[in-house]
Amino acid sequence: MRFTPEEMMTVAAARGLRDGQVVFVGIDLPSRAANLARRLHAPDLVLIYESGTIDTRPDELPLSIGDGVLAETALSVVSVPEIFNYWLQPGRIDVGFLSGAQLDRFANLNTTVIGEYAEPDVRLPGSGGAPEIAASCREVFVVMRHRRRSFVDRVDFVTSFGYGTGPADRALLGLRGAGPVRVITDLGVLEPHPVSAELVLTAVHPGVTVEQVRAETGWTLEVSDELGRTIPPTERELDVLRSLRTVGSP
Amino acid sequence: MAKIVSLREAVGELVHDGDTVALEGFTHLIPFAAGHEIIRQQRRELTLVRMTPDLIYDQLIGAGCARKLIFSWGGNPGVGALYRIRDAITRGWPAPLAIEEHSHAELANRYVAGAAGLPFAVLRGSAGTDLPMHTPAVSIVRCPFTGEELTAVAALTPDVTVVHAQRADREGNVQLWGISGVQKEAVLAARRALVTVEELVDELEPVAGEVVLPRFVVTAVAEVPGGAAPSYAHGYYARDNTAYRDWQRISRDRETFAAWLDELQKAEAVGEPGE
Amino acid sequence: MAKIVSLREAVGELVHDGDTVALEGFTHLIPFAAGHEIIRQQRRELTLVRMTPDLIYDQLIGAGCARKLIFSWGGNPGVGALYRIRDAITRGWPAPLAIEEHSHAELANRYVAGAAGLPFAVLRGSAGTDLPMHTPAVSIVRCPFTGEELTAVAALTPDVTVVHAQRADREGNVQLWGISGVQKEAVLAARRALVTVEELVDELEPVAGEVVLPRFVVTAVAEVPGGAAPSYAHGYYARDNTAYRDWQRISRDRETFAAWLDELQKAEAVGEPGE
Amino acid sequence: MRFTPEEMMTVAAARGLRDGQVVFVGIDLPSRAANLARRLHAPDLVLIYESGTIDTRPDELPLSIGDGVLAETALSVVSVPEIFNYWLQPGRIDVGFLSGAQLDRFANLNTTVIGEYAEPDVRLPGSGGAPEIAASCREVFVVMRHRRRSFVDRVDFVTSFGYGTGPADRALLGLRGAGPVRVITDLGVLEPHPVSAELVLTAVHPGVTVEQVRAETGWTLEVSDELGRTIPPTERELDVLRSLRTVGSP
């Protein structure tokens, strides 16, 4: 069965989730991946959205983070201060999903501004829940399209802290989550090096070469000795993924 | 105790030029009708506060009502950018716009501190990121027991908070349910609170997940059916996702936006007598 | 994720000698059955935490389970004193009892800090009173924006929190309603949480005013109908005010209490298999 | 109509409440007075109990502060942390009611201990919500029986701050409420002197003499130049008061 690079990325992200985990889900790609996992191998995945919906089971994907379908199918809806203070901050979340306009070699993310803060080239939406997701979830998965302008040596603005400038920074800041343990792109998978914390290529998706990945990466990307190759999406994975409909989509 | 008034009257009395104004509602129950009435009454120099500016602040800012925006995520959710806000920030059109930006958790906790009558709130926050260096409302506090350093955020106390709710009774007790966001904190933090509601009822039947705002923390209630559209009111109407998608086209271009604004200013406020 | 177990098993596994244990429930839903099971299993050297010790801690302390009590109001509400606690504090019978006492707001906020994963919480607190000088868990923190001094309280993180609720589903999601006190915070602050419920159901129908504790913050659920008596379970049974009034007589005298304790120890745990 | 000193005290306390005020109510005497006022001249009195019940309208008086009748008849029930943090602390309450085992000349109250803290003669219940009620309500009414052993020169333990040791103390501590503006006893009414903040006798109840009040007061009680005499309870006040039944009472 044919599939697009974006479908491969979504399937790879979904596979990383284990049944019974508690996942803090952002909109778009993360929501798609988490809802895919819930329909496949992880029926008891607990989805939490920052709008305050806990253990929600939407039939259709929400367009926004606070769609009615999230509240209607949730076990519980709490206030926005509560979702951050009582649920995200204390480290109750197993996996947080993030994306960004820029990612750097230490997995720091930028969703704030391209260029200077005071005189932006492009003004982006800003941080939302991302800084605390990056700080507090036990693990963070980053999901984003792999392009040279996005995979940069240093992000213009650190919206979400990955590993800062090296392996010791998170501990120095007192951040309690492990940080981004996996970056899943439409080309492959990057993981932080256990010693340096710099992102290295650990897997390429079917049909993708290391050279392609390097060409789309803005730093000298190291490749793992045990480079893997992602198993292509199964028919069932693709069927379910393609059946996911977004609320109100044409 | 809350007064029951028209929307025009409420905005006229409660929202003044130069005020710090929070229109809250997290995706759900966004007080669009009240925002449009603020545009119609041509308020100026407002400091606008909202976690997610959304279309409503793109509109208010495009209309020239604001000089400052305090926010934590400024996009058109699931669709794209808010071009009127971008235009104001990066090119000063129609007026220069100062910004003060936070993470969601930090801005939510600024309201929490305001609601609790405290000068600040403590959280783990955006430590390590570049955010704190750009806002004076974020600082550091040391735990007197463990010595640990934590983020402190300054209390936010709007001059007026505006929210939309499903129902109020005739004494002005307000009831809302579904995703309740930061509305309770935003109302409790404010000096004055204006609530628009889908309907006035004789009695508030209890609803699961309800948030109740008692009449003694509400300044005015205006009955404005449909007052949250194109966002939604749980149990009343759904989000108009098409309108959100269409906004891209309107927002992107100054002239298209100006035409939209003309139409708005010609229209009567919803829920007005005689309509 | 929560396990569904018997009360005997739950207490056996989750409550250990020397633990810091919070049995919460503000007048309503006091987990009496669980407390009695702790007495039956003869736990010792517990640090007991409760805003209002109520009869249940008078019983646990009279039975010699505790070495320390953290509390904020220690009377028999509307009736009188808790003589077993008085006896332990003032005469060390049956064992010396250390105390750490707070105002309600301070103790509630110690749980809030624990639930929020913060080392402390800020409030206005009992400034000016003689309370702070008697507890090391109260200190001062200065606002980094205004310079104002405020009260800081240290986070409280019990080894185990026990609460009673109306219902749980078979996955261990818990639902309670009516006066909900500080139960959510006490559960979220704890390392382990045991919930006794009036009934296990297939599906939790939404109820106005509900507090839901999702299965991933609950360690064990035990079905114990009547497990809150002589306090009450909103929607199930009323408070047995006569039992509260009668407790005066039992509590006042060591021998009368000893007889009560004998009876308790002979009785089977409620909700056990075979009962 | 004949009446007891306690009935006079309760009626006097009830009369002090104005319609539309928001009152933070403790159990026993305060609850009786507030519910009496609500049935007489203040039908729109908003009653808040520390158990989290807002705008409750109990048919019968609760025995405890968290009785079911309070939740069943409330406009809203919130958590205990919320009632203290969002409702009491910010100064939304017009009148807080307090009582105590000891009261001193500066209206400080003791509900903690008689004797030394470490070696108490009598161990009392402790503070509950009282310290923050005393600090944060716009005004505090104290209601207690007037006995020499309770009306003392200095309380053994300050559980709730009145005026400390003089008129400047509240401001120095940053307390935002006005403090105890009225002490209503079964003998009369005491109010803080506008300059010294010391409690002075401003009214005596019917049939009570100044000498009686002084005999039951443990400091040299000053008497106001404009000493008033309380109007006796009306028939209607007594009828309603006597009809108030406590939940589960025999």
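The first chain written gets the first letter, and so on, giving A, B, C and D; residue counts start at 1 in each chain.
Basically, contacts are C-beta pairs under 8 Å (C-beta built on N, C-alpha and C of every residue); 3 or more make two chains touch, one makes a residue touch a chain.
As the structure is a computational prediction, the values presented were derived from the model and not from experiment.
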Item to complete: Provide the labels of all chains in contact with chain A and in contact with chain C.
Response: B
Worksheet item: Where are there more C-beta contacts: C-D or B-D?
Response: C-D
Worksheet entry | Separation of mean Cα positions, chain D and chain A [Å, integer] | 57
Fill in: Centre-of-Cα separation between chain B and chain A, whole angstrom
28
Discussion item. Between chain B and chain D, what distance separates the C-alpha centroids? Give it in angstrom.
Written reply: 40
Worksheet item: What are the residue numbers in chain C that touch two or more other chains?
Response: 116-118, 123-124, 148, 184-185, 209
Response to the item:
Note: chain A residues in touch with at least two other chains are 85, 89, 136
Item to complete: Could you please write down every pair of chains that are in touch?
Response: A-B, A-C, B-C, B-D, C-D
Discussion item. For the complex, give me every residue of chain D touching chain B.
Written reply: 20, 22, 44, 46, 54-55, 75-76, 85-86, 89-92, 136, 176
Discussion item. Which residues of chain C touch chain A once you look at their complex with the stated criterion?
Written reply: 1, 115-118, 173, 184-185, 188, 204, 212, 214, 216-217
Worksheet item: So in the complex, which bits of chain B are touching chain A?
Response: 26-28, 51-52, 71-75, 77-79, 81, 85-86, 89-90, 101-105, 108-109, 111-112, 123-131, 134, 148-149, 178-182, 184-185, 209, 211, 232, 234, 238-239, 241-242, 244
Worksheet item: For the complex, which residues does chain D have touching chain C?
Response: 27-28, 50-53, 62-68, 70-72, 77, 79-81, 84-85, 88-89, 112, 117, 120, 123, 125-132, 135-136, 157-161, 164, 169-170, 173-176, 246-249
Discussion item. Quick check: in the complex, which residue numbers of chain B touch chain C?
Written reply: 116-124, 137, 139-141, 143-146, 148, 150, 152, 154, 206-210
